[in-house]
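Letters A, B, C, D and E mark the chains as written, and numbering starts fresh at 1 in each.
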Amino acid sequence: MSEIGLHMYLCLAALLFSSGLFVVLSKRNAVFVLIGIELMLNGANLVLASFSQIDLNGQIFAIFSVVLTVCEVAIALAILLNVYKKYATSDLDDLQEIGNG
Amino acid sequence: MNLEDQLTEIINNLQFLKVESTLMLGAILLLVGGMITKSGILIKSVYAGVILLAFYFNWQGLAVGSTLSESLFLTSTSQHFTAIFLLSSLIILLYKRADEHATEFYFLILSLIVGSLFIMKANSFLVTYLAVELTSFGAYILTNFSFKKKAHEAGIKYLLFGALSSAIMLFGFGLIYGISGSFYLSELGSFDLELVGNAGILMMLFGLFFKASIVPLHVWVPATYQEAPNDATAILSIVPKLGALVLIQRIYSIVQSEWILNLCLILGMLTILSGVLSALRQSGARRMISFGAIAHSGFLFPFALILSETSIQAFWWYAVAYAIMNVAVFYFLEEFESRGLDRLEDFSGLGDNNPIMFVSVTVLLISLIGLPPVAGFTAKFFLFTTLWEQYQSDGQLIFIACLVVAVFATVISLFFYLRIPYYLFLVKEQTSRSIEFSFWTKFIATLFSIVLLLLFFVPQILTVMQQLLKSTP
Amino acid sequence: MILIVQIALFIMTLLGVGIIVLSKNVVHAAYALALVLVSLAGIYVMLNSELLAVVQILLYAGGVVILLVFGVMLTNRLRNGKLLTHSGNTFVAALISVSVFASLLYLIDKIPLMSLGNSEAGNQIGQLGVSFLTDHLVAFELIAFILLVALVGASYLAKMSSDE
Amino acid sequence: MSIELLILLVLFSPLIGGLIEAFVRKGSGLIPSVFIGLSFAISLILLFVTDSPEFIRWEWLNSFLIGIQLDKTATILLLLVSFISLLVHVFSMVYMKEDPGVNRYFLKLGFFTFSMFGLILSDHMLLLFVFWELVGLASYLLIGFWYRKEGVPSAARMAFMVNRVADIALFAGILLLSAQVDSIFLSELSGQWFLLPSLLIAIGAFGKSAQFPFSGWLTKAMAGPTPVSALIHAATMVAAGVYLLYRVSPFLHESVMTMIAIIGAVTALYGGISAMTQNDLKKALAYSTISQLGYMVLGIGVGSAGASMFHLWTHAFFKAGLFLAAGSIIHYFHQLSENGGQAIDSQDMRRMGGLKDKLPVTFWSFSICGLALAGIPFFSGFISKEGIILSSLVWAGQKGTLAYLIPDIALLTALLTSFYIGRMFFLIFLGEPRRTIKQSQIVYSEAAAIRIPLFLLAAGSLWVFYNWNPMAHVSWVNTYFDLGSVPEGNFFSAFITLVAIFLAAGGIVLAYFLFKPGARTLRTYTTDTRSVSILGRNVFNGFYLTQSYQGLGLATYIFSKKLAWADKKIIDGFIHFFAVGTVVLAKVVDLIDKLIVDGLVNLSARIASFFGRRFSGVHSREAQWQLIWLFIGFVLILTWILFF
Amino acid sequence: MENILSYIFLFPLLIAAVMLFIRSDSTGIFKRLALAATSVQLVLSLFLFFQFDKSTVISNWADAFQFVEKIDWINMKLGSVGVLNIDYFIGVDGISMPLIALSSLVLLIGVIASWNLTEKTKGYFILYLILSSSIIGCFIALDFFLFYLCFEFMLLPMFFLIGIWGGKRRSYASIKFFLYTLVGSLFILVVMIGLYLSVVEDGANTFSLIGMMNGSYSSDSFLDPASGKTIFGYSARAVAFIFLLIGFGIKLPMVPVHTWLPDAHVEAPTAISVVLAGLLLKVGAFGFFRILYGVFPDMAVEYAGTIAIIGVLSILYGGLNALAQNDLKRMVAYSSVSHMGFVLVGLASMTSEGAAGSLFHMVSHGLISPALFIIAGVIYDRTSNRQMENFSGLAGKMPVYTFFTALFFFAGLGLPGLSGFVGELMVLLGVFKTTSLPIWIGLLATSGIAVSAAYFLWTIQRMFFGKYFVREKEWESRMIDLDLREKLMLVPLGLLVLILGIYPRLILDVSESTINFFTQHIANSIP
């Protein structure tokens, strides 16, 4: 078979997930972190889509998840807007006011 | 089955969505109402009406088993916990809340509850995921609702954690789905999940751990609880947490694998320990209580993993006690914070000032520690009993370990919970301040402590309540 | 042919990911994300998930990326005319990511082989539509409510931020 | 009146008298004296009406009987105690008249007498122990009577503590015994006891009777008022140990009996030597008492308990007499110092002298009692002491050669005894007053309350009351003590008697030569405190004819000095060291308590807070670090699931 | 008078509830109400004491209890455990009867001791009355849950009473106290649950202590002696026993878990020290009687040696520590440790003499130690100081005070004729009589008496004898002899100490049949 097999898709998904994770953990900018999360979610979606060969449920799940992601990003940006307003930065490092004392 | 039959059946089964539908429609009604009027009282009464109606429906309707094309799975446990959610969301009306954000606030609270109800009742992966996300969205937004600087910080952090854990969860669903081809929780038990499936379940559980604030997904709790408005925090600390635990209980009852038990109990112990140990060093009242709430998740956790009848009932009992304690404790914090009492030192020597209020607080804190004669003790007592009994029946040492950790943590929790009464009564006041509370506040405070005492002395109230829920008309 | 397309899509995706990981500029990253998303849409098509691909392009590539770019614009000060960010904990982050990746690969390796592309092309959209209103009615209802919540929440928050 | 009632009357009337004196009608001791008199009278009646032992028993603890008995021994001892107590009460009426605490004093005295009666009447060993302790308490209270004076409180405490330690042994012995034998009623004792209880009980007796090495407390006890010393620390309480040994001696383990004999002998010698160089009047008498108690214990050890009890009886008379005489002397000097307005040490014998004319009754009674003590024929001491020496000889004959040390020591002590009492006599009464006091201004005469007791006690020290034969060694009193007989006299015994008389007389003569009025020793005695060098001057300027005597005397003198020092330093010191050591140990234990036991608690708190800190790292403010923590957890768990 | 026990138990609570509704600025009323409440309590318990039937024949633990009241309290279905049945189940036997009488007396005296309190009287007396009820409750509870409730509920009032009204380091002391005893009670809680799951009565699991003591285990349950279950390789019963030993040992207190006691005593106000020493320690000891020995007689036999050694250690260690103290109250506190050691030794002997002696010693110590704390309080009230070296020769200045001090000191050091002696005597009789303990234990325990004499006498010498001296000039004017209030507290205690010393059967008769059954119960468990 000349086509790329299921496993390759899954590996791509894993790669997306892990590199998203790397971005989340290492980039300071909140938007960047969001991008990382998007990557991770896409990785997960890819898993679902790959398995949607069994029945349609996988695809449906993925569609719903895309919708949810959009909502999430919208909320995140709304909050980020507020944060920027108050902190004048969107670097997570600079958000360190909450703590003991 | 042809489409027509399917649709008819769905229409027939829609009645099982009565509670959720009521809440959702009520939420929309609230939103619409908010456009018409800014009157806080009106909004609150609509909210109360919706909750009461939902409560009525919850009391009325009971079906056990899967329904709506297996999307949902109803159990009596979920019905009981629905009652807890509704009641506690009713109680938060006692909190002071300016009319300014009332519409959106109560709308989001309702959405949060809907989400949690679906978490408990979800059967298909999709609904589970959506319910978790719905709950999270409500929670993310509510965290910002004090519109203070730090609130947004807490909000964005909460959201990032949440999104991450939902990504993990989604990946987990993908794996389970891929390996089993199944799309329903109730079918999990009928497959050999093997390694991949187990990893998927683990990743799925991570998402639930996040909701239930179990180690290591508890890190968002202190910041969120600290910065969200108090009434929102009360709900956040009760509703999603219990919902997730109920779902974990159901998942475990389906899968029942050894490793889940061990993993969860170990994480439960870690949760307890990390909660109490971290709380030791806090100097802000609310932050300390937040860590206490983490510890309580750990205390609640074993119930979800022990499937004896005792455990199920004790779970309900502990949950009720926990709900009442948390609603009460955040009520008090609200009252104190509005008078500038944030840090523990601020409480110095206030004990004489307003005995009724502060004695009630002390009663409440004792209950949180788990000492007699208040409900918290009975709850802990049931926890210990459950663990003992489970150990007695299957002899796994991990239950004893859990018991030891729980006992040990109870001692430590003495240290930090008691610091508030310590400052109140034992530390002498440097400058004389006068803190006044309204009669109404004092009345509510007393009521809370009376309820806590009553639950200790007449614990059967709750079983009777359970019975009442069961004997639907 | 299909293989070439597939490989191209894979390469595009990897390219996008690489840019995101290595870039310091948020805007570049956002564009790279768009690239990744579009390529993924292509991959979905390869996986016989056309509706998903459509949704991906419409919502993700169209919605999310634009939102993100706006987000970047609204919430970042320019540094030397560029939207640069720095990163930290790179080593630990890389370590964790690599170990996660390794674990996932290990898992994937355990998944039994399945052949692709044997699903009936048929009336997939129709089936999906029916399934939305039957099997996944609750989810459908729920997502509607979630959209409402997100809408109300996000707009309210945004409003509050601009009010002050 | 039934005998039970009489017994109870005897027992309680001193206490009632004391209570009335202290709380109801505060007088100067008349009422307590009357009540004691009542006890004495009843005792006298009891002596004649009691044929067979009387028992009173009651259930004190559940199914645990205790009781009292009145047998012959008890009656005669009751008589003795009540008699001496009566005299001391009367004496005290004058002696203590001006003391502000006189009412308290009589209460304590009454309490003591009550306890002593109880001790004598006890049938059950536990009851005996009860009164034993009460007697000790009374002694403590009376020694500490002048609690404000320097050294008095610590003296009282030391006396009580030394007693207490021995009492613990007795207590343990009794308890051990109660578990091993059927009955611990004194009247029902039987069999041979095991070593441990025997030993413990003997140790208890040694404590109360000031035997070596417990003797130290008795000299300390002299801090109390002198009449008290006469009653408690000479006549009655200290004899309680002897009494107990008398009661249990037939049942004691054999080796313990030998030990008793040895301890008695050692104590007798030790007391005698120490008494020789004392300057303090009461100290000298105290050492003498120790020595005499040693005799009694020795007697019990050699199996002639009856003889010991007889010596107890006679000793009670002459030693009480001596103490009361001492009290009279001290009282005299007190009067002098109060009237003359100058503080003087009223007990230093070196500064006395010439009191013969000032205190004639005292002089005569002291002489008689002193002769009795010295063991001169025609006085009671001779008869009783002879019994003990003879018994020890007989005993030694049965035991073997080495055992002859015991009678030898007894004889040697007889010499020492007469020497020191002679020395005291000469120092106090003869010659000129070695003290410059304007005595002429004061007219002092001995009050009747002083004269009568002295007279009676002196009279009681004469031989006639005991046996018409002045050379006998038994008397009618012996018939009241039917445990342990006194051997019959024979030629050998007559020889020994002669030796004893010779020794006694020799001692007095020796003392006369050293301390006669005008003797060189005395001239510098008052001023020079370096007594060894005084003796050195004696050697060269004095009696060089008896160089060898002097050499021996010097050695003895130096040795006695050393012994006194040793007594003070080593035995007291040992007790002191023991006390200090205990305190040090206690401090160390306290430190351990603070550091380790508490330390553990604090340590665990510290550990808890350490972990608290580490955990709060998870809750650091940096969101991404939290995420990293989260994923470390995730990876760990995942790995666990995957690979295990 | 049918529910007399309930009246004794609940009357103070009722009065406390009444106090809640009185305005807190009317200070005088609270102490009077508290006095009334405790007086009524005392009268009722004296009535009970003399009504108690001493001659019952006991063949079963159920026979031992009189004035039994049993009301269903909590009755809820709890899953597979069945019905969670907790009863309001109270009664007295010969062991608890003397302690109840003692408690009501000491509590009354405690009220008198706090008569001069002016600060926050309302809170103080409410807490005090709650404390009284809990103490009595511990002694009369026949339901383990009820017992535990009362046991635990003594902590909180105590915590606040020490923490709010205490001395300089009160917060440290109160937290230490709370921590220690909470740890102890959690140990007990765990065992309690285990017992509940193992003991059945009438076919249902039960908290009934009678059922537990009678040993009606459900077959093959965890703590059933016959089942031979183990935890970590140790016999389950042994583990439970050790847990209880620690739990009640902390309360007792036994060495080495005693260090909370000196701190708590020193910092507590006089009245609270009185209650603490007089009663709370007795609750710990009562736990030994009722639960350790009552429910686990087989383990008690097995661990007799351990308990005896701990007891002897407590006696000597406590005594030596007391000797080292300069603070009067601290000295008394350590002496309590020493004295409670006798209770352990007596119990370990497992003879009726030893057990009765332990009980008697508890009562006797319950009279002596409150008095000693009152005595320490007298000097503290006058000078705010308790260091022994700051005082000397008080005997001349304060003769009545000195008299009482000496009386109670001598009672403490076990002088015959006073109650302290009887307890020690009986304990030692038991120890020497039993065959299960070596002789040296008895000898060491006896030597403890000498140690106690040493520290008491030394204290008398230092503080009361010698030349009159007080450290500060300003104290001079305050060194007055006992006033009426103080005499009112000390005289009854002194009289009782004397009476019990001479006529110990006042207590012993009451407890005789129960104690005999108790020892027989232990003896029966020896296989």
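Throughout what follows, a contact is a pair of C-beta atoms (placed from the backbone, for glycine too) under 8 Å apart; a residue touches a chain by one contact, two chains touch by 3 or more.
As the structure is a computational prediction, the values presented were derived from the model and not from experiment.
Enquirer: According to the touch definition, list the chains common to the neighbour sets of subunit A and subunit C.
Expert: Both subunit A and subunit C are touched by B, D, going by the contact rule given at the top.
Enquirer: I need the common contact partners of subunit C and subunit D, sorted by label.
Expert: Both-contact set = A, B.
Enquirer: From the centre of subunit D, which chain's CA centre is farthest?
Expert: Chain C.
Enquirer: Which chain's mean C-alpha position is nearest the mean C-alpha position of the whole protein set?
Expert: That would be E.
Enquirer: Most contacts: which chain pair?
Expert: A-C
Enquirer: So the centre of each chain is just the mean of its C-alpha atoms; given that, what is the distance between subunit C and subunit E in Å?
Expert: Inter-chain centre distance comes to 71 Å.
Enquirer: So the centre of each chain is just the mean of its C-alpha atoms; given that, what is the distance between subunit B and subunit D in Å?
Expert: Comparing mean C-alpha positions, subunit D is 81 Å from subunit B.
Enquirer: Roughly how far is subunit B from subunit C, going centre to centre by Cα mean, in whole Å?
Expert: 32
Enquirer: Quick one: report the Å distance separating subunit A from subunit B, using the average Cα coordinate of each chain.
Expert: Roughly 27 Å, centre to centre.
Enquirer: For subunit B, give me the residues that contact two or more of the other chains.
Expert: Within subunit B, the residues that touch at least two other chains are 126, 130, 133, 137, 140-141, 144, 147, 157, 160, 164, 168, 175, 178, 195, 199, 222, 281.
Enquirer: Where does subunit A touch two or more other chains at once, residue-wise?
Expert: Residues 17, 21, 24-26, 28, 30, 34, 45, 50, 57-58, 60, 64, 68, 71-72, 75, 79-80, 82-83, 85, 92-93, 95, 97-98, 100 of subunit A touch two or more partner chains.
Enquirer: Which subunit E residues sit where two or more other chains touch them?
Expert: none
Enquirer: Using the definition of touching given at the top, classify the network of chains in this structure as line, ring, star, complete or other.
Expert: Its topology fits none of the listed shapes; call it other.
Enquirer: Please give all chain pairs that are in touch with each other.
Expert: All chain pairs meeting the touch criterion are A-B, A-C, A-D, B-C, B-D, B-E, C-D, D-E.
Enquirer: In the complex, go through subunit D and note every residue touching subunit C.
Expert: Subunit D reaches subunit C through residues 624-625, 628, 631-632, 634-635, 638-639, 642.
Enquirer: Give every residue of subunit D touching subunit B within the complex, in rising order.
Expert: 608-609, 611-613, 615-616, 618-619, 623, 626-627, 629-630, 632-634, 637-638, 640-642
Enquirer: Sort out for me which residues of subunit E touch subunit D in the complex.
Expert: The contact residues of subunit E facing subunit D are 176, 256, 259, 317, 320-325, 353, 356, 393, 395-396, 410, 415-417, 421-422, 425-426, 428-429, 431-433, 439, 442-443, 446-447, 449-451, 453-454, 457-458, 460-461, 464-468, 504-505, 508-509, 512.
Enquirer: In the complex, go through subunit D and note every residue touching subunit A.
Expert: 616, 619-624, 627-628, 631
Enquirer: Which residues of subunit A touch subunit C once you look at their complex with the stated criterion?
Expert: 1-12, 14-19, 21-23, 25-32, 34-36, 38-39, 42, 45-46, 49-50, 52-53, 56-60, 62-64, 66-75, 77-85, 88-91, 93
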